[in-house]
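Alright, structures below, take your time with them.
There are two complexes below, and they share subunit A, which is joined by subunit B in the first and by subunit C in the second.
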Partner chain A sequence: MTTLNRAWGHLTLTGKVVIPLLFLALVVGPIVTIFLATVVGPWLADVLGANPEIVRFVVAITGVLLFSIPAAFIIIYMELKVIAFMNLRIGPDRVGPKGALHSVVAGLKVLTKEDFTPTGADRLVFTWAPVIVFLTAVMVFLVIPFGPGLVGQDLNIGLLYLFAVGGMTVVGLLLAGWSSFNKYSLLGGLRSAAQVISYEIPLTLSVVGLILLAGTMSVYKIAEAQQGWFTDWYVFRQPLGALIFFIAATAEANRTPFDLTEADSEIVAGFATEYSGMRFGFLFFAEYVNVFIISALMTTLFFGAWNAPIDINSILARVGLSPVSVSLDPGSLGIGLLILLLVAPVLLTLIFAAPFYLSRSSRPAWQALVLGFLVFNLVGVMLLGLLAYIGWPWMAGLTWFMLKSFLFVYVFVWMRGTFPRVRIDQLMGFAWKWLLPAALLNLFVTAAAIIIVKS
Partner chain B sequence: MSFIPGIGLVRGMGLTLRRFFQPKATIRWPEEKADVAPKFRGRLQLLYDEYGTLKCETCFQCAQACPIECIDMGGMDTKGRFHVHWGAAETYGERREESALRRSGRTVADPMYARYEAIDLAAVDEILELHDYDPKGMLAILEETQTAYGYLPVAALKHISRMTGAWYATIYGTATSYRHLRFEPPAVETAAPAGEAQRTIEAGYRSALDAALGYGGGRSG
Partner chain C sequence: MTTPGKPHQHPSADDPRIMLDDQIGQFEAVPPYPPRTEREAEFYSLRDGEMFLNMGPQHPSTHGVLRVVLKINGEQVVDLDPVLGYLHRGVEKLCENSDYHHIISQVDPLEYVSSLFMEWAPVMAFEKLLDVEVPRRAEYIRVLTGELLRVSSHVLFQGWMALDLGGLAPILYSFIERDEIVEMLAAITGQRMLFNYFRIGGVNGDLNHEFMSRLGDWMSRAAKQHEANIGLLNENEIFVRRMRGIGRLDAATALRMGASGPNIRASGVPFDVRRAHPYSVYPELEFDIPTRGGNGGGDSLDRYLLRLDEVSQSIRIIDQCLHNMPDGPIMARLPRLLRPRPGRAWAAVEAPRGLYGTYAISDGTDQPFRMKIHDPSFVHLQLVGLLMKNNLIADTMAVMASLDPVMGGIDK
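The block that comes next holds the complex of A and B.
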């Protein structure tokens, strides 16, 4: 034992870290792996094989949680950059290329800040309120179809679930405001609750006409019903409904011009006044996840979900061509696949590097190689993306869905860069005096139209 | 257009979209530097040496060189009680000589600031009286002074400055910015002759030049 002690004492600090890690990796790791593979693995496989729904749920919730983080980062960066551009500024440009990592660094900053709880605050509620706000935002993702087959859970009451879970945000906001032990927080919480509840009604009513048309509450089926040309999208059958949904959703997500809940230039930060550190980070994050959700909902319900605006197959059929289809089966290449994977990158890098090297004699070889490698990656990613787009319908669906959703995110950011904030009485008056009657009118007209067409 | 409800919102959105594509005004300091005028000299400041004494020797060169007279010499007296101003800006040239004298013990010869010769100022006084000592009519005053003397003597300009209250630098600036005002008597008194007369004068110049260069006349053109 003394030998071991002495040997340990001779180690530098790095060695003291590395040696235990090596021990873990070389001794403990294999043992645990063998144990898992022989004992736990088969049992787990049996259980999961018997219940594929559990697997689906776990995979979906993990995917949704993981997806929400980069989505929020991208939206935060987009907002900074787009509003800056509209103000004739450049915006963040220090971290990463064109400042693309700015929001990531901002997230790290939030993580390192002091997590502060005010004296007299209801500690438990104070801690859990941001989690509720964030989780409601993430849970809504479960029923949103990202592409054909790419849906967490195809609930037959999907829209109801959507509004029910989305409405739970109010609970989180109220709890956050109440538990902060601060009159400004409380007022801000009540104010945002009043706003969100008021706009919940026209939001829900605006979709009822759509439910009548589609005959289902499943979000997935509504998305499927909009297949074909872009004229089949529900926005052309429910224009008023789409407009009301858009306005009400803006208010639901607390976006400009309805961002009174945390009007950053007027009042203290509303219900988030006392929040700091990662708890504030959760509230902030949830806000941007909400932006993506309302964009995704606009896309799904009114703008054709994952469907491309042009039905390319019908055009091809009219011209007389058969639809393009690629069967991706790399396994059929056998050992050739392995050789291709090994040889193709090197060969293609060299091929792409050659013109760079030959075009200018002063260019060093390593620069040409780097350029060739970059071009190879670019071309490779583009080709693979194209193949995936043609070969897999879910990939094409995901592409269109993301494209449309981020277009709407852009519109929300654009609105934030343009509109001034409304006053609280104007906000409430607009919801109750204009949006609600308009939503009811939309519902009645839709119902009447359906009866007339059916009879 | 305002009778369509919501048109303002659409126009606002259009404005921001146009701004989105316009070139940006940001200067990315420190990679890019702001574009400053070439005559920008930065912040004017008196520097201290390592012993904590002012480096300024009160030589008045900066104040005299300043084209727009924004540098002025002044300070506190030795006991720190009163603010002293060291005379009008047009005396800085003389002050500078004094300063150089004080520092080195001898006068620095500088023909640029040689004492101007005294002249009879009666004509200037008459002109000034005519213009009611108004510096607004400076150009007319200067033109008439030039007619009276044939050029603008420095003594006359100083006198005009003293009587009208206009800064000497301003008067000097006015006088230098017009081509027809001159500070020295013209080389040829009469108006430039044209034609044959001009030829005669040129021939005179040429023969004088030949004599000076030692060609001795009879030089074929």
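The block that comes next holds the complex of A and C.
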């Protein structure tokens, strides 16, 4: 008892608070857990099981919010690095390996900065405009299928939802420009209104041909309809539509060469001029989330969504082999599984470490062991990834979807590094004189072709 | 100032309630004085649908600290008023209170992109006052370094032009060229930007090994690199369309407004100080004076392309300088304290931006009695008002960048 008393006396004030709480947690924690598992758990499972749509929605919303921020971080880093490469610079290289954590730290920096509202700004609108911009960008994710079964909500009017919600971005930009009490911002907001509304029309018309072909407006079903070889992708049946969609989507996302809303050499960042701190962060994130969205849409609508370009199973069937499938049953190993889990890492680490140890006599044994362990991990992850790719269709789908989407992100970054900016009259003239007639032509030709083929 | 109904409240600057309608005007770009001229009164009165846009002095594409008050109707620029003086240092007055050697470093930062030319004109004027003959080797070195700097200035212009039109990459390619040139000039002058190299009666320091080896490296690929840089931009449809037909300046107006240099040559007038009023060793060198612009005069694209033509000519001149470089001294023999006899002298050189001249009056002391600097950027800035009107806001960048002003020389 005296020992306990003395130990108590040595504790600081924080310790005197934390230690009892720790004991409490140790005692109360299991009791609460047991209570939740036995009483609340079944009830909750019943409720959730009865309403799977709500569960799906909540999970999808959470997943989308959790996904959009890292995606934006990756795209920001990618843009910095790729444009640096094109400009013969080094780019970010301070935080993380090769500067990979740069955008994360930039995000933290934005969080810690002063949130400034200029005099004369409409405070309410000024505060909420970035939220509108960000939320509309994130909401679009809900109907984009990332893989077979990996879709937030498979709406049967998915494409309509996409354009409706996507078009709402302009409301946020216009509000941001108007409420800033700055003429550059006002010009930027009005430019974005004119631009986004003009390009909304060719953007929507360019996919009508696709809707006719697919016979559905559900994005998920459009993605499913492109299964098979890469020749089944809609880009080969709707090349003009794909081109118009690409150009119009670039303008919708305010990317170079259509980045007039934030033309830094003319109207000094436009609607974002007066924003600072996390409000600017929201606008900034929304821009990069939009880049991912238009890339994902290009992939989903025209470039085969999650489908691999080559249908391996059909090749195998032609050769006479059965489709590849994983039929591993770990349980059948019995006690062998336990032994494998215990022995395999040690054994494989030693095996992979051997070449490192033997290749150079001056290398210490611990270094070789660490390297061997890393190689073992790498091989393990690759094997597991391969297993997952073969075993789970959604994993394969996600892989292809991400690959294609980031290919398009790269194209957008590439464009930003290369192109100058167009002028506002050229921008509007291009939309109304070229894109709109081309989109209409595409629609009529598609419709005529469908009638001819069917009759 | 109190809000009606709340007499005891002290308003603060960030209280949104004090933004009453009649006070919003205080944020407009009106001058702080009653209009002094009819033009000012007319400019600062708004018609329906118009507003002022105060561009600068802190704006990314006004090439320094120029402030342009634009009167806009939507995206259309109705009228504009350039406001100068944010970089004024009183260089002419400083020169009048420095002795002749010090003046070289006073005028250096005027046009910081091509500072050797800023030294050249005063030095030539003082040499006329002192009646000094400059050694031929010094003259050749002046031409050689000057043309190098002209290449650097024009290449940098190419990058700025693209940057002002929204292209991010070319400026960095331009800076690679400029970096190589300023590094080789640093090898003989010791500085990268404000060289302080020309002296009255010659130059400060002979060509050395490092300079020659760097120059040799650069010359071996300069023409090829120039072609590559041209290919980077000139084929770009967006870039060309942004500039074609914008800011058209016809030959008569250009002459009337006193334009010079690439801007007047782009309007079809083959005026080049190097040929019109030959100085230094330019009469011995072979080079063409490229002109552009047809009957309608030159637009922004012409002015851009003309500068690229001049780069090729400058490379040609550098090549000849290297082949004809004579041996001999690089400084004339002069007393340490210079007291020219009373008189006046005018000297002009062809700077990358046009005719840059100096008019100096000596009263027999070791300081000039009066020194007037004629800067081409200042003259070209008055074209801004002519060329930008009735264009779009985005075109103001295309016009401004193509005139290529440097604010250091304008505000002096």
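Following the convention adopted for this analysis, the second predicted complex is superposed on the first by the 391 of 455 C-alpha atoms of A that agree within 3 Å, B and C clash if a C-alpha of one lies under 4 Å from a C-alpha of the other, contacts with A are read in each partner's own complex, and residues count from 1 in each chain.
The rule is simple: contacts are C-beta pairs under 8 Å (C-beta built on N, C-alpha and C of every residue); 3 or more make two chains touch, one makes a residue touch a chain.
Because the structure is a prediction, the values reported are computed rather than measured.
Legend: residue contacts after superposition of the two complexes on their common chain; A:D93 is shown touching subunit B, with no touch to subunit C. Legend: residue contacts after superposition of the two complexes on their common chain; A:E252 is shown touching neither subunit B nor subunit C.
In the superposed model, A:A263 lies in contact with subunit C only, and not with subunit B.
When the two complexes are overlaid on their common chain A, residue A:G417 makes contact with subunit B and with subunit C alike.
Shared-chain residue A:F85: touches subunit B; no touch with subunit C.
With both structures placed on the common chain, the touch criterion links A:E274 to neither subunit B nor subunit C.
The partner that reaches more residues of subunit A, of the two candidates subunit B and subunit C, is C. Touch criterion not met for A:E200: it reaches neither subunit B nor subunit C.
On subunit A, the patch touched by subunit B and the patch touched by subunit C overlap at residues 86-89, 417-419. Of all residues in subunit C, those touching subunit A in their complex are 13-14, 16, 19, 24, 27, 51-54, 59-61, 75, 162-169, 172-173, 176, 236, 238-239, 241-242, 392-397.
Residues 9, 12-13, 15-17, 19-20, 22-26, 28 of subunit B are the ones that touch subunit A when the two sit in their complex.
Considering their complex, residues 83, 86-89, 117, 119-121, 123, 183-184, 187, 191, 256-257, 259-260, 263-268, 416-426 of subunit A touch subunit C. Residues of subunit A touching subunit B in their complex: 82, 85-90, 93, 414-415, 417-419.
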